[in-house]
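Multiple structures follow.
You will see two complexes here that share chain A, one where it goes with chain B and one where it goes with chain C.
Right after this comes the complex of A and B.
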């Protein structure tokens, strides 16, 4: 059985929410980390509901709503979200209040909104959706595990699953992650990407041919892992039309170098973290930009780091790793 | 009393993050829950915290809270009655 992305939406530090202006004008920032360009939420979220929402919830609800509208699905069979740090801003607010109030009077809103599953829960409340509601919090594989769950639900008979990968950046998180060297050379970032994962191919749908995740693999093992993944999906390396990699600023990163060397020198190589920066669920955006490339049959020049596309795009390979620990391989096709 | 009501409105707008609402938009007799501002049970908890933090007043009986939180006028009257 095939699994399709029938709609997708992304809010990132570049213009990606408005489909008409997708990656058209490049934004630069002087901040030490990348902040998402957020739309005017008043037109997408009921202001009465939005007043309690932190940025991550607003970004997620806006992209989730857009996906539901695009796919014309009122009630998905499940809502599955991956997030590395969840509603960290509200967690910070709640913890700060605990300290300031000496564990006394605490605001209930920050506490209620501080849990990781608030995002999927908020979407369910808005849709009055009582179907399964899951949140995966697994560091650099949070989105991938949510995606694997969504795919398995389709294999088991679900028609449509609303899937998301989302994280927000704050100055506190930036300071902590920088001390831990979690971004490498790449600026830390944030974003929300939502997808409708469906069992039926419709016009413009993109097929997720397969997904492979692995932890703690060496650079020597990565090429064999990718070859084996492609073999399982009956795809030869010369059938792959483009690579979507999470290189960021790590052009010398040995994992990405090994992957690029597996393919012909002129294969288009897309650096999706130019758009998102680095964060736990940045890989979700690889699926969004991959879908856009296949649907629009174009390669966005701002994120093309080498190669060129002379023929059409039919198959694109996604590879990302988070901190050299969580590795992701996937293949999208038209 | 009018100053107290104005301060109360400003504090409620800030605590409940009532975007696009000004103090002047809130009528002193307007019901805060259900209609009017459309507040809900989480807002009621926030108001309890606000009264204790800003005015040192505790509401321990939920039935009492229902009466007190009817409008700005009823909250202001409760504060006036109980101020130390």
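Right after this comes the complex of A and C.
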């Protein structure tokens, strides 16, 4: 059984939400981290509801709503969301109130909105969707957990699953993560990417041929892992038309180097973290940009770091790792 | 025919103690684990909680992580998961291919909330040990590393139904053939964040909680961790393991009513129970015992009671909430109560709903004393913020 992305939407630090302007005008910023470009929400979220939503909820609901509209699905069979830190802004806010008020009288609002599953819960509430509702929070595999679940639901018989990967950044979280050196050389970022995962191929649908996640693998093992992934999916290395990698600023990173060396030197190499920056669910965007590349038959020059495309795109390989620990391999095809 | 999913081991840590034996002893003798907090550094010193009276330093020593800053959530999880592995008798070779599905609501908040005070006060902070365990996935990774697990890792955070969903997912991945052996459960330590959060919602009982009592005043917060070892029949036969119970049903539904409150009629709860019954093929009249979510809040117990009435009609099975023993352990509650459900099956007895005196109009009274009886099928409910409702059904296989 095949699994398809039948609609996809992303809010990232570049222009990705408006399909017409997708990655066309490049934004540069002086901020210490990459801040998502939020659209005018009025067209996608009821303003009465939007007023009560935090940034991560608004970004998620906007991309979620857009995907539902694009796929023309009123009620998905499940809502599955991956988020590394969840509603961290409200978490931070409530924690600050506890500390400032020394555990005195507190307003519950931030606490109510702070739980990781507020995003999936809010979508269920808006859609009045009583079906399965899951939230995964698994470090650099938060989105991958959610994607694997969505794929399993298609195997279990679901028709359409609303899937998301989403994280927000705040200046305080940025400060803490910087002290922890969480981004390496790559700027930290944020964003929300939602997808409709379906069991049937419609016009413009992109197939997710497979997904492999692994932890603590060495650079020596990574090429073998990718080779066996491709073998399992009956794809030869020379059939891969482009690589979508989470390199960021880590051009010297041995994992990405090893992967690139598996392919011919002129294979297009896309650096998706150029768009998103680094965060727990950044890899969700690789699936968005991969779908866009296949659908539009387009290599976006701003994120192309080497190679060129001459023969059209039918298969693109996604590879990302989070801090050398959580590795992700996937293949999209037209 | 769908493959069966067996429970072959379990481990538990709660305010009733470390290990299944001490938990069972307390359950059998109606000894609650609720007390005033002595380890959690809160100003709410008279707010009863289900606190395990073992310090972080002592817990770290028990799991061999002494001298390191490790979240209590992670320490509790390692202890419970280790016991689960031991009782199931999983060898290192099996563990190499074993998956781990962990549910937690606030992860390493117990450490980061203290470190953040220092950040705000511009004191010197050792950032990496203080904050590396904040995210929920950290506890999963630490348990996996400690036990040498190299299979699938998942972390679920659906508030108070997190670990029920972890167990449900174990059933799903085993049935789909994606894994043969899964350790699934959840963990949450007491924290200032959750204690003050529930306090701000005004749903904490200042005294001992009394679930399903007409005059219930709210919940007591608790802490703990529990994990089950779940296996396919093939995996169990191959390694000659012993099945203790079977996971026959599970259901997940969203209440679609409010971020924190349950719908008056318990729509999500009703759907979750119905889905679990439908998957199990067990007719409602064959459910012998319900381990209810029963937090002790006015809202939950009323909507859960209505949903139970709707599912079971005039023949509501024996039921109780064990939260007056442990407190509400949030992300760990589903797994802790799954262990209690399996203990009920193994010992053919059901555990009392403590502190109960006056029955609600909407439903018959819960079981209030230790009751030996035939326990073939147990339904266990877990409901959470975000409208997340989950039900599990375990069956006796002896």
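Keep this in mind: the second predicted complex is superposed on the first by the 334 of 334 C-alpha atoms of A that agree within 3 Å, B and C clash if a C-alpha of one lies under 4 Å from a C-alpha of the other, contacts with A are read in each partner's own complex, and residues count from 1 in each chain.
Here is the rule we go by: a residue touches a chain if its C-beta (ideal position, glycine included) is under 8 Å from a C-beta of that chain, and two chains touch if they have at least 3 such contacts.
Every value quoted in this text rests on a predicted model; they were computed, and no experiment measured them.
Visitor: Using the touch definition from the top, say if A:86 reaches chain B (first), chain C (second), both or neither.
Guide: second
Visitor: Check whether A:152 is in contact with chain B, with chain C, with both or with neither, and answer first, second, both or neither.
Guide: second
Visitor: With both complexes superposed on chain A, which partner does A:202 reach: first (chain B), second (chain C), both or neither?
Guide: So A:202 meets neither chain B nor chain C here.
Visitor: Touching A:251 in the superposition: chain B (first), chain C (second), both, neither?
Guide: neither
Visitor: Answer with first, second, both or neither: which of chain B and chain C does A:298 touch in the superposed model?
Guide: So A:298 meets neither chain B nor chain C here.
Visitor: In the overlay, answer first, second, both or neither for which of chain B and chain C A:136 touches.
Guide: second
Visitor: Is A:51 touching the first partner chain B, the second partner chain C, both, or neither of them?
Guide: In the superposition, A:51 touches chain B alone.
Visitor: Under the stated touch criterion, name the partner, chain B or chain C, that contacts more residues in chain A.
Guide: Ranking chain B and chain C by residues of chain A touched puts C first.
Visitor: Taking the stated contact definition, name every residue in chain A that is touched by chain B in one complex and by chain C in the other, in rising order.
Guide: 105-108, 112
Visitor: Hey, which residues of chain B end up touching chain A in the complex?
Guide: 15-20, 38, 42, 45-46, 49, 52-53
Visitor: Which residues, counting only chain A, touch chain B once they are in their complex?
Guide: Residues 47-48, 50-52, 105-109, 112.
Visitor: Sort out for me which residues of chain A touch chain C in the complex.
Guide: Listed in rising order, the residues are 79, 84-86, 91, 94-96, 98-100, 102-103, 105-108, 111-118, 120-122, 124-125, 127-139, 141-142, 145, 148-149, 152, 155-156, 172, 175-176, 179-180, 213, 215, 280, 325.
Visitor: Spell out the part of chain C that touches chain A in their complex, as residue ranges.
Guide: 42-44, 104-105, 107, 113, 116-117, 119-120, 125, 127-128, 131-132, 134-138, 140-141, 144, 150, 152-159, 165, 169, 172-173, 176, 178, 192-193, 196-197, 199-201, 252-260, 267-268, 271, 384-388
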